[in-house]
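The same subunit A turns up in both complexes below, where it pairs with subunit B and then with subunit C.
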Partner chain A sequence: MSAALIVLAALGGWEALVRAGLVDELILPAPTQVAEALWTDRDLLAPDLAVTTWEVVLGLAAAIAAGAALGIAMHVSPAAARALRPLVIGSQAVPVPVIAPLVVLVLGFGLAPKVLLVALVCFFPVAINLYDGLRDADADARKLLRSLDASRWQTLRMLELPSALPAAFTGVKVAAAVAVIGAVFAEWSGSDSGLGHALLTANGQLATARAFAATLLLFLLAVALYGAFALLERRVVDWTPRTAPGGP
Partner chain B sequence: MPAKGDSGVTVAEVRKAFGPVQALDRVSLEAAPREVVAVVGPSGCGKSTLLELVCGLAEPDGGSVEAAPAALMPQRDGLLPWLSALDNAALALRVGGTGRAAARAAAHEHFAAFGLEGFERARPRELSGGMRQRVAFLRTLLAGRPVLCLDEPFGALDALTRTQMQRWLASALEREPRTVLLVTHDVEEAVLLADRLVLLSPRPGRVIATLDISLSRPRHRTDADVVALRERALEALGADA
Partner chain C sequence: MRRLLPLLLIAALAGCGEKPEPTGSGSGRTEPFTVMLDYFPNADHAGIYAAQASGEYEKAGLEVKIQPPPDAAAPLKLLQAGRVDLAISYEPELLLARDKGAELVSVGALVQQPLTSLMSLGDKAITRPEQLAGKRVGTSGLSYQSAYLRTILDQAGVDPGSVKETNVGFKLTQAMLSGQVDATLGAFWNYEGVDLERRGRKPRILRMEDLGVPTYDELVFVAREEDLDVEGGSRLRRFLQATARGHQQLTERPDAAVDALLKADPGLDRGLQQAAVRATLRAFFPKDDEQPWGFQDPAAWAAYERWMRESDLLTQPPADRPPLTNEFLPGEGVDPGTSGLE
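Moving on to the complex of A and B:
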């Protein structure tokens, strides 16, 4: 409710600023102009939205698979944890704009480099949150399973994985929120479609309103992905009590 | 851990330290088959450590532990929050390799006697404290081991529920007799439930005294014999003014 108010107030102020001629509309178009561009250029932007959505969804899927595999491997094998942790952390120090052109150079202009870059941005929060979650399993329950002579695999399946699910979902939601960044940089480095590509061409044509419209779509895509995973989480992790936002 | 032919427990001269902290110092105790032995002592006297040794979760630094296979009921119930009451009760069977349907059926047979009927699908947080303990106890029982190690099973319950649960445990053990090591800091609980009391000192845990309780069952907290034994135990523990 208050978020909507803040957005409305900001939009109103923004609109007034541009209408009053205080800002050049080629630099900052008014919200109504962005909305107009969104509508008039819909046939142009819709395919781009579809392309980027597909890249992000595939990249996220790859990131979740890779992140889960890494998190579990690091948890099960201390040797793997020692070997992989520096690489996993270091991978996040590589700036995406720097590595994106290289990836495109190697993998070409197709879908593959986009998926790879999205996955590169996204696997980290998944892996690290899952890894921490797996280790946080209740000590008493761990003792109990050990007293029952549970195997490593049984402990993982019956105790550690379920108890790590909330943390894993946190990782996936963070990944969903930042996934579009990977896709946009990948498209900038070589692409003829997608919202990142639309941003570039719109900038080139001084169609600032359309560039803003493309950005708005990226924003909405991230919010929608996050919301989808939050919804899924509430379905799957149905045993933890939840406090309503702003509640006690 | 060496298994014993019968279903008893023999702990002899056991020492256990965690770093510089001596938890147990030359502790000996014996539980004959189907005997309920209560280990009583102040917090931090190594009672839980003793159970871990008997369950084979840790090795003693010195002395010996001979015990038939033992099932542990951890201090907090250790129920898995994502499993239903039925699946929590069936957990030991599942770990032992029983199929889901068979394990559920076996657990469900006890639900009525445990006062859990109608709560098969309830998650642990939907259960009362007493019900949670009953599910945890059923899980321990279904592990099918001759020895039960109960670590302060009623420590987290309110006084009223605890009294009910003590009575309930006494009757449950009458139906399903097992060798029981009951760790508690509640002297009265120990006197009500056990055949023998082993009193431990504050850290490092040493055996102060062993009291045999040959009172008939059921016992009540107001019985003169129960009161007298409770006072004796408290005196031995140095808690009586």
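Moving on to the complex of A and C:
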């Protein structure tokens, strides 16, 4: 309730600021102007939303698959972990505009480069959280399994993977939140549709209200994806009550 | 490959026979041909979209794909890498690329004048370059924009140290509207200028060629030098002739061309594109009516290249290979067999 009030107050202040002429509406449109653009441009923005959503969903799926494989590989093989960790971390420092032309050169302008760039931005939180989660399995349970002569695979399957699930979900949720920005960057590197493309076109002709409307859709997309994974987490990890922050 | 060779030869020869009126029709087969734009589709490309919408490219035997670039620097790189057949770029960008060894050549001018301009807004707008003293000027951070500014200040007798240049990326208008900069150098008079005018923001526009910068062709069609052979030359010729017809249609029915443009990107503002097309119309054609559409003036190119060299933008000695050719323009160049007869 109080959150809604804060949002309303912020929107009201924003509206007043623009209406009073303190900010140029071509730089910052009022919330009502954004809402208006969202409505009048709905036929324009809806297909773009669909395109970007599809890129994000495919990219996230690829990131989760690749991130999970990488996290497990690094956990199972310390040599792999030593070799890959700097690369995995370093990959996050590479600015998308630097690699985008390369990706375009190899993959062209279709869906593939977008999915790859989204996956590139998203695999890191998945891999690192899963890797940490696998390591942090309960030490006593580990001892117990060893005393029962469990194989490496059995330990992984029966103990480590299930106990890493909450951490893995954290990674996936972070990935879901940043996936959208990955898709926008990918579209900025050559596209003819999608919300990122709509942003470029709108900014290029001072259609600022539409640019904000597209941004609002990106915002909602990120929130929806995060929410979907949070929901899924509650279903999948219902057997382990999440420990309260700050210890059990 | 060896088995293909006779076929290729036949195709090349067939191409030769058609050259005087190279429509390519009759064969019923169209060759794919990818053109990379300099920027997202806009009024500057209206003639190209008009040609495509009215089927001119198909009639010329080309299946043209019009591709917006990943970023402003990409078209020439992707052209060199062979990912596209033709790129729209800027005369200075081409000369810079050639200075770095790129074997690229301009085969036609899309826009015959500089579009880059010195722009400012409001009561304190810059009406004379002398007023730039002590001001902050936004550019997109391109080396030649800085050089334009230096030349302008030099001509106006303004101490360059008193002017602060700020790289605002491609948010030139936004930087002006928010008051971050007093003026910008880099916005196009036919696009940003028209947009601001339509929004009642009264932009003050000073053009490069009026401020002492040598004139140049803002937008040019760039091809690989290796593609100037018989087969590639035939494609270029057919593309440019069809594009010339597209620009002819543009003068007759400018709004139909804007329809085609909006089909390519529905996000474009129809009113702005129509106004921008009208503003640009004259710049799509050479000043000299005797010259064909797409004509590039070698003397103007030489003067501009000299200026780039004096401005330390070019570091290598001039190449033997000319940076432009008018050979593939409508009515220009003759096929080898009839050379000298015209």
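Rule of thumb we're sticking to: the second predicted complex is superposed on the first by the 240 of 248 C-alpha atoms of A that agree within 3 Å, B and C clash if a C-alpha of one lies under 4 Å from a C-alpha of the other, contacts with A are read in each partner's own complex, and residues count from 1 in each chain.
Just so we're on the same page, a residue touches a chain if its C-beta (ideal position, glycine included) is under 8 Å from a C-beta of that chain, and two chains touch if they have at least 3 such contacts.
Please read these numbers as outputs of a predicted model, since none were measured by experiment.
Participant: Looking at A:Leu44, would you say it contacts subunit B, subunit C, both, or neither? Reply first, second, both or neither.
Facilitator: A:Leu44 sits against subunit C, while subunit B stays out of touch.
Participant: Identify the partner contact of A:Ala83: answer first if only subunit B is touched, second if only subunit C is, both if each is, neither if none is.
Facilitator: neither
Participant: Now for A:Leu200: first (subunit B), second (subunit C), both, or neither, which partner does it touch?
Facilitator: In the superposition, A:Leu200 contacts subunit C only.
Participant: Between subunit B and subunit C, which makes contact with more of the residues in subunit A?
Facilitator: Ranking subunit B and subunit C by residues of subunit A touched puts C first.
Participant: Which holds for A:Leu17: it touches subunit B only (first), subunit C only (second), both, or neither?
Facilitator: neither
Participant: In the overlaid three-chain picture, which partner chain does A:Leu231 touch, first (subunit B) or second (subunit C), both, or neither?
Facilitator: neither
Participant: Should A:Leu8 be classified as contacting the first partner (subunit B), the second (subunit C), both, or neither?
Facilitator: neither
Participant: Considering only the touch criterion stated at the top, classify A:Arg146 as touching first (subunit B), second (subunit C), both, or neither.
Facilitator: The first partner, subunit B, only.
Participant: With both complexes overlaid on chain A, does A:Ala65 touch subunit B (first), subunit C (second), both or neither?
Facilitator: After superposition on chain A, A:Ala65 lies in contact with neither partner.
Participant: Across the two complexes, find the residues of subunit A that touch subunit B and also touch subunit C.
Facilitator: After superposing on chain A, no subunit A residue contacts both subunit B and subunit C.
Participant: Which residues of subunit A touch subunit B in the complex?
Facilitator: It comes out as residues 138, 140-141, 143-150, 154, 158-159, 162-163, 237, 239-241.
Participant: In the complex, go through subunit C and note every residue touching subunit A.
Facilitator: Residues 39-40, 42, 67-71, 73-74, 77-78, 81, 83, 171, 173-174, 177-178, 195-196, 199, 201, 264-269, 272.
Participant: Where on subunit A is subunit C touching in the complex?
Facilitator: Subunit A residues touching subunit C: 24, 26-27, 44, 48, 97, 100-101, 104-105, 108-109, 188-192, 197-198, 200-207, 210.
Participant: Using the touch definition from the top, list the residues of subunit B that touch subunit A in their complex.
Facilitator: Answer in residue numbers: 52, 55-57, 70-72, 74-82, 91-92, 94-96, 123, 125, 143.
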